[in-house]
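Per-chain numbering from 1; labels A, B, C and D assigned in written order.
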Amino acid sequence: MLQAITLVVAQTIVLLGISPFLVGLIRKVKARLQCRRGAGVFQPYADLAKLFRKQPVVSSTTSWIFPATPYILFASTLAAGLLVPTFASQTPMSFAGNIIALVYLLALGTFFLILAGLDAGSAFGGMGSSREAIVVSLTEPAMILSIFAIALTSGSTNISTIVHKTALLEGIVTDPSPHLMALVALFIVALAETGRVPVDNPATHLELTMIHEAMVLEYSGRHLALIEWAASLKLALFLSLIANLFAPWGIATTLTPAAIGIGLVAYTLKIAGVAVLIGVIECTFAKLRLFRVTELLGAAFILALLGLVFFYILRG
Amino acid sequence: MLILLLLLLASYAVGVVLPFCFPRKPQAQGMVGSVCACVASGSGIALGISGLIASEPLTASVASTIPFLAFAVRLDPLASFFVLTISLAGLAASIYAMGYLKEFHGRVSVATLAALTNGFLLSMTLVVIADNGFFFLIAWELMSLVSYFLVVTEHERADVRYAGFFYLIMTHVGTAFVVLIYLILFQSAGSFSFEAFRHPEQSLPEGMRTLVFLAALIGFGTKAGIVPLHVWLPYAHPAAPSHISALMSGVMIKTAIYGMIRVYFDFMGGQFPWWWGFVVLIVGATSALLGVMYALMEHDLKRLLAFHSVENIGIILLGIGAGMIFQTYGLKELAALGLLAGLYHTINHAMFKALLFMGAGSLLYTTHTRNMEEYGGLLKRMPWTGLFFLIGAVSITALPPTNGFVSEWLVFQALFLSAQLPTLFLKLMLPIAAAILALTGVLALVCFAKAFGISFLALPRSSHARHAEEVPIAMRIGMGSLAVCCVGLGLAPMIVVPLLDRITGPLTGVSISDKVLSLDGWALDTVNVEFGSISTPILAAMLIACGLLGLFLAFVFGGRLVKRYYKTWGCGINLSPRMEYTATGFAQPIRQVFRAIYQPTVKLETEFLEESRYFAKRRHFDLLIEPVFEKYLYDPVVNLFMGIADRLSILQAGSLTLYLTYIFVTLVVLLLFVV
Amino acid sequence: MFWPLALLVAAPVMAGLGSLLMQQRRAIEVLQCALAGTLLAAAALVAGQVIAAGEVSVGDFLQTDALSAWLDLIIGFVGSSGTIYAVGYVGEEMDRGHLSLRRYSQFFCLFDLYLAAMLLGVNQENIAIMWIAIEGSTLWAALLIGFDRSKAALEAGWRYIILSSLGIALALFGTILVYYSSEHILGVSNEALRWSQLYRVAGELDPAGIKVAFIFALIGYGTKAGVAPMHTWLPDAHAEAPTPISAMLSANMLTVGVYAILRFKAVTDRSVGPEFAGKLIIGLALLSLAISAIFLLVQRDYKRLFAYSSIEHIGIALLGFGIGGLGVFAGAWHLMNHALAKSTAFYGAGLVFLRYNHKSLDRVTGLLSQMPVAGTAILVAGVALAGMPPFGLFTSEVLIVAGSYTVRPEVAYVFLALLALAFATLLYQVLRMVLGAPGETGTALGTQCRIFTSAAIGINIVALGTIGLHVPPGLATLLASIVKIFGTEMEASR
Amino acid sequence: MSLSSIDIGTQMVNLGSVLLLITCFSIVGLRRLSSCVHVFALQSVFLGLTAALVAFLTGIHHIYIAALLTIVVKAVVIPRILMKVIRRKDVDRELEMNVNVPTGLLICGALVILAFFITQPIIPLGFLLTRDSLSIALAIILVGFFMMIARKEPVTQVIGFLVMENGLFLAATAAAYGMPLIVELGVFFDVLVGALIIGIYTHQLQDTLDNVDTSKLTTVKEK
C-alpha cells in the first residue's frame, strides 16, 4: 500500500516535472533546425512560473464553467497520465482504468475545454472549439483501434499489463507488422491530440490556422498556466505511451532501486528521443488545411484496422 | 410483494380517474394526478427491487371469459428490472410534472393530460409484467394509443398532428409484426401463455424461428426506433409535453428492448444461428452512428435529444448483439457480459435521457422556444437546470466517472473480447463495431458540447433567453433526483452488477457477477481478469485529488487566488450575440466532413439595393439536410397506395348497370366454380 | 313464458302504427322512448331465457335459439338507442321546419316497422318466412333511405331497392332449392322449411343442390350484408339516408344479412362439410376487406367513410365464421361490438351533419373542441373500429387472426396486412376530423336534440366500454352455444 | 290418375316452361318498351296457366290460388302500373342498349346452357312431373338478371326483375310443387309491395329530375 502510494506520488512528480521540459526540447529542436538559437529547453518552466504569478482576467460574460475548466482539464489529464506506465511497468493505478478509460478521461478534459472556448462568447473561442471538435472526433476511433491492435498481442487492454508483458517478453510480438502499423497510427493520433504540426500549430495565433490556441485565447494568468501545463502533460502522456508500448526497453519491471534508476534514465532518453522526432517533423512538414486533416486521420484509422487484420491473419 | 403490485395498479388507476373529479381546477387536477403517479411509481421502485432480489418470481393471474386471454402477470428478474426502470423515470417525471403542468393551464385539459400520464405509466408497466401473449398485446396497444394521445396534446398545431399520426401508423405496423411473433408461437404452443411459449419441446422449424426473429426485430425495432424505422421518433418525441418526451424516450422505447430480450433469450431459449446476433449488431452500429450524426445537425433541442435516443438504442443493441453472437458459440460468460452491458446501458439511458428531456422542458418552460439558436447564457440565469443538464450531458457522452461511461465501457469490452470467437469474420467485425462505437461516442461528445455550450454559455441570443429565469422547485427536484441516479449508477457498479446478474444468469445459464467484480467490488473488469478493468470510484477520487493538486499548485506558485473581471475582447468593438458562434456554425466542419451522409443543400437568396449590386438589402440563408429515409423509403410507399386508391375509385363509378354486372359476374363465376 | 319474445316482435309494430295515428309530437316522443325501453328489456329477457332454457318459442310462429337471441340483443340494444337518437335527430329537423308532423309520424312508423321486420326475421325458424321478413325490412329501408326526397337520396334509394330486391330474389331461389332438396325427405310441408329439421336431416340432403342453394343464398343475402362485390349500394345508401337510418343499416341490417348467410352455412356445413362454405366466405370476406381498406383512403364524405368501414368489419366477422371454431366465437363477438361502435360513429356523424349541413370530410376539423359530444363519439368509435384496445373489436380481431393462422396461415398474413392498412386509412380520416382547431361554426343544435342524442351516444359508449375486454358470463354461454350450432365445440381457453 | 296422363302432363308442363323461356328471349329481343311490358304480361299468363296445370295434375289445391294471384297481379296490376309510368314519362321509344340484341341473345343462350348444367345433378331429386322446369326456372332467372343489365331504361330493369320473380315462382310451384300457402302469399305480398315501391321511386325520380335514364343517374359515387 505504502509502496503504491509512493509510486503514484513519484509518477506524478515525474510527469509534472518532465512535461515542460519536453515542450522546451521540441521548441529547441525546431529553433535549431530553423537556424535559430532559440530559448533554453527550461524556458517553459519559467513561463509557467510567470503565468502562475500573474492575476488572471476573466471575461464578464462567462459562467463558472470558464474558471473551473483549467482545473478539470489539469485533473483529467494528470489522472490519465497516472494510468500510463512511465519508468516502471506496473503503475499502481492501472487497475482503475484501461485504454478506454484513458481515452475518455482525455475526452472529459476536451469536452470542458470546448465548453470554455464557447463560454467567453468571442468568435475565436467558438471557432477553436468547433475545429477541436472535428479533430477529436476523428482521432479517438483511430486511437482506440490502434491501441487495441497492440492489446491483442498481450491479451489485455490494461496499458501497464501490455507494457509489463512486452517488457518481460511474454506474449512477444511474433512479427512486427501489426505493431508497426499500430505505431504509425498511434503516432499520427498523438500529433493530432497534442495539437502539433501538421494538424495544429501551437506557435501560431493566426485565426486561420489555430485550433487549440483559439480555444484558450481568453485565458490568462494561473488559468493559462494550468492549461499549458495540462497540454504539456498530455504530450508527455502520449510520448510515454508510444515509447513504452513499442519500445519497453529498460523499463523497471521490478521495484528494486537499481531497476527504477535504470528505468528513469531509459524513460527520459526514450521520450526525449520521440520529442526530438516530433520536433523534426514539425519543421519538415507544413500544416495541413483543416479538411485535409481528416484524410490524415482516416489514414491512421485504416492503418490501425490493417494492424488488426494482419494480427488475426498471422495468428490464424 | 403482491401488496406492492396491487398498490401500484390501484394508484395508477385512481390517477386515471381522480383528475376529472376537480372540474375547472387545473392546479388541483395536475397535483392529484402527479401524486397518484408518485405513489404508484414509488411502490413500483420497491416492487422492482424486491422482484430483482426475490428467489421466486411473483405471479398472479385473473381468469377471463375471452378464450386464450388471461390477465396473468409474472415478475421475474427481467420484468422487475424494467418495472424498476419505468418507475424510477416515472417518479421523477411525475414530480417534475407538478411544476411543469402549469405550462398547459388554460391551453389544454390538464385533467386529461394527468390521467393519460398515469395510464401511460400503467400500460408500460403492464407490458413488461404481462405473462400472457394476448394480455401483452392488449397492454402494448394501449401503450401505443395512450402515448399517441399524449403526443397530440397540443393538437391545434398541424405539425403535432402530423407527428402523432406518423407515430401512430409506424407503431401500428410494428404491432402487426409483434402480433405475428405471438401467432407463430401460439400456433406451436396452442396457447398464449408465456409458459407455453417457453417450453423447449415445442421447438419451431427453422424457417419459423427465422420468421420470429425478423418479426421481433422489425416489430419491436419500430418501437425502439432502430434505423431505418426510426423516422417517427424525432417527430413524435419532441411534439409531446416534455415530461412525456422524457418517458417516451427514456422508458417507452425500452419496452421494445424488453420484448427483444424476452423473445430471443427467453422464448427462443438462447438457441439461434450466429447471423441473428450479427444482424442485431449491424442494426445497432448503424442506429448508433446515424442517430448521433443526425442529432449533430439538429438545432431543435428536443429533436436533437430524440435522435440521441436512436443512438443509445443502437449502443444497447450492440451489447445485446454481441451477447447473442457469443451465445451462439456457447461462450456463455461473454454472452452474459454483453447482455449485462446492454441492460446496464438501458437503465442508464433511461436516467440521463429523461433528465435531459426534462432539462429541455425547463428551457421550453421559461423561454417558450425549442430553437437552440435563441438560447444562450442560461447557465447564469438558471444555474440548477444548467448543472443538471450538464450532468446529463456528461453522462450521455459517457465521460468518467458517470453511469454512461460504465455501461459503454462494458459494451466496449464485450466487443473487444471477440478474439475468442472461432471465425475470423466475426473476430474482425466486433472490433470494427467497437471503432464505430468510439466514433459515436466522440460525436455524441461534440453534439452535447454544442447543445450545452450554445444553450447555456456565453451571451443570451434572444430576448427569450435574456428574460429567462429558474424553474419551479418541483421541476428542479425532478431533474435533481435523476442527476443523482446518473452519478450513483456510475459510482456504484458493485451494487448494480449483481442485480443485473440475476437477470442474465437465468437467461444465459451462468452467473458472472463474481467474475466481473474484483478487488471486492472496487474494480469492474471483464470475465477474464487480465483483460482490463476500471474503477469509477477510484477514478472519481483521482480526478478530485488531481483537481485539488492543481488548486494547490496554483496557490503555491501564484499566492492569493484573486481574479479580475473584464469584458471579452471583441476585436475592438463591443461584443454582441451576433458575433457568437452559432450551433450551425459549430457543426459546420462535421457537416463538411460527412457531407456524403448529410447531402446538405444550401440556398442563399440575396436582395440587392437597386442603386448598386454591391449592397445587399436582405439575405436569406437556408440549409437543408436531406431526410434520406423519408424521401427514398417512406414517401414511395404512401404514393403507391394513394395511386392505387385513386385508380380503383372508378369501381364505384355510380352506374347501376355496372353494379348489377358485378353481382351477375360473381354469380356466374361461383356457379361455374361448383359445376 | 313466451311474452317477452312476443313483445319483442309486436312492440315495434304497435308503436309504429300508434305513432302513425298520433296527432301531437310530444306523444310520439313518449311512445318512442317507451318502445326503446321495451325493446331493451324484452331483448334482455329473451336472451336470459335462451341462456337458461336453450331456446324459446311462441307457438309455431316465433322460435329463438342462441344465434337468434344474439341478434335480438344486437338489434334490441342498438334499436333502442337508435330510437332515442332518432327522436332527437328527427325532432331537430322538425324544429328547423324541414319536416311536417305528418312526415314526422310517418318516419317513426317506417322506422319501427323496419325494426319489427328484422326482429321477425331473426326470431324465425321457417327459412321462407325469414326471407319474407328480411325482404320486408328491405322495402321499409328503401322508403327510409329516400325519406328526405333530395335527388341524391332518391338516386341512392333507387339503387338500393333495385340491387337488394335483386339480391333478395336470388336468396329466394336459394331458399327454394333448399326446400326442393329437403321436401322429398321431410315431405311437402312447413317441416321442410325449418332450420331444426334441416339441421337434423342435413346429412341426407343432396350435396349438389345444397351447394347451388348456398351460392345463391350467399350472393343474395350477401347483397344485404354488403359483402363485396355486392356492396356497391351500401356507401350511397348510408351516405344519403337520414343519419339514424344509416346507423340502423350498418348496425342491424348488415348483421341480419350475415345472420341469414350463417343459417345457410350451418346447413351446408352439415351437408357437405365446412370447407366449401368456408372457402367461399373467406374469399369474399378478404375481398371486402381489401376494397374497403383502399376506399377508406380516398373518402371525401364522412358518412361514406363509416359505410366503407362497415364493409370492412362485416368482412372481418365473416372471415371469422368462415374459419370456424374459435373464429365463430370471435365473429359473433365482432358483430355485436361493431354494431355498437358503428352506430356510435354514425350518431356522432349525424350531429356533425346537423351542425354543418354538409358531409365533406375536408371541411370538418376540431370536433373535439367544437362539438365535444360528437367529437368523443367519433373518436371513441373510430379507435374501436380501428381495432384498438380496450374495445372488443381488438380481442375479436386477435382471435380471428389467431384462428386463421392455425388453419391457413396465408389468410392470416393477408388479413394482418389489410387490417394494418384499414387501420391507417380509417384513423387518418377520423383523426383529421376530431383533432385540430375548429373550422366553420355552423348552426348550433337545439337543447332537446342535444339531450336525446347525447343520451343515445352515452348508452352506446358505456356498453362498448363495459364489454370491451370482458365477455359477461351470460353472453359467454350464448356464444358457446352459437359455436355449437356450427358443429364445433369451443375448446376451453387456456 | 294414370301414368299416361302424367306423361302428357309432364310434356304439357315442360311446354309451358318452354313458352316462358321463349317469352323471355323475345323480351330480350324486343326494342319497344311497351311491347316488352305486353310480352311480360303474356309471360305471366303462361306462368299462371302452368301453375294451374300443376295444381290440377298434382291436386295440391293451394297452387290454384297462387296461379290466380299470379295472373291477377303480374298479368294485370303490375303491367298497368308500368304502362302508366311509361305513358307519363313517354319513354316508349327505341331502347338504348348496353348490349346489342344479337350478342344479348347469344349470352342468353349461354346462360340457359349454364342453367341446365348446374341443375343437371339436382334434377333427379325432383318429382317426375316437373323435372326440367327447374332448369328452365333457373334459366329464366339468369336471363331476367341479364335483362336488367342489358338495358339502360329503368322500366326495363323493373321488367327484368319481374321476369326473375316469374322464374322464382315457376321454380317454387312447378319444381317444388309450391311452397306452403302462407309462404306464397308472403312472397306475393312482397313482390307487389316491391313493384309498388319501385313505381313510387320512378315516379318521384321523375318529379325531381326530368329524365329517369339510370345511365344518367351517376351523381352519387366516389368523387
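Please note the rule applied: a contact is a pair of C-beta atoms (placed from the backbone, for glycine too) under 8 Å apart; a residue touches a chain by one contact, two chains touch by 3 or more.
Since this is a predicted model, take the numbers as computed values, not measurements.
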| item | value |
| --- | --- |
| Far-end chain from chain B, centres as C-alpha averages | D |
| C-D compared against A-B, more contacting pairs | A-B |
| Whole-Å separation of chain centres (CA-atom averages), chain A against chain C | 79 |
| Inter-chain centre distance, chain C versus chain D - centres from mean C-alpha coordinates, in Å | 31 |
| Inter-centroid spacing, chain D versus chain A (mean Cα positions, whole Å) | 102 |
| Mean-CA-position distance for chain B and chain A (Å) | 35 |
| In chain D, residues with contacts to at least two other chains | 118, 145, 148, 157, 214, 217, 219-222 |
| Where chain C touches two or more other chains at once, by residue number | 158-159, 162, 166, 170, 208, 212, 236, 295, 298 |
| All chain pairs that touch each other | A-B, B-C, B-D, C-D |
| Residue numbers on chain C that touch chain B, as the complex places them | 158-159, 162-163, 166-167, 170, 208, 211-212, 215-216, 218-219, 223, 229-230, 232-233, 235-236, 280, 291, 294-295, 297-298, 326, 329, 366, 368, 383, 388-390, 394-395, 398-399, 401-402, 405-406, 409, 412, 416-417, 419-421, 423-424, 427-428, 431, 435-437, 469-473, 476, 490-491, 493-494 |
| Residues of chain D touching chain B in the complex | 98, 111, 114, 117-118, 142, 145-146, 148-149, 152, 157, 214-215, 217-222 |
| Contact footprint of chain C on chain D as seen in their complex | 60, 118-119, 121-122, 125-127, 134, 137-138, 141, 145, 148, 154, 157, 161, 164-165, 167-168, 171-172, 175-180, 182-183, 186-187, 189-190, 193-194, 197-198, 201-202, 204-205, 208-209, 214, 217, 219-223 |
| Complex contacts: residues of chain B adjacent to chain C | 64-70, 134, 137-138, 141-142, 145, 152, 155-156, 158, 161, 164-165, 168-169, 172-173, 176, 179-180, 183-184, 186-187, 190-193, 196, 641-642, 644-646, 648-649, 651-652, 654, 656, 658-660, 662-663, 666-667, 670-671, 674 |
| List of chain C residues in touch with chain D within their complex | 126, 128-129, 131-132, 135-136, 139, 142-143, 146, 149-152, 154-159, 161-162, 165-166, 169-170, 172-173, 176-177, 179-181, 183-184, 188-190, 193, 206, 208-209, 212, 236, 239-240, 295, 298, 300-301 |
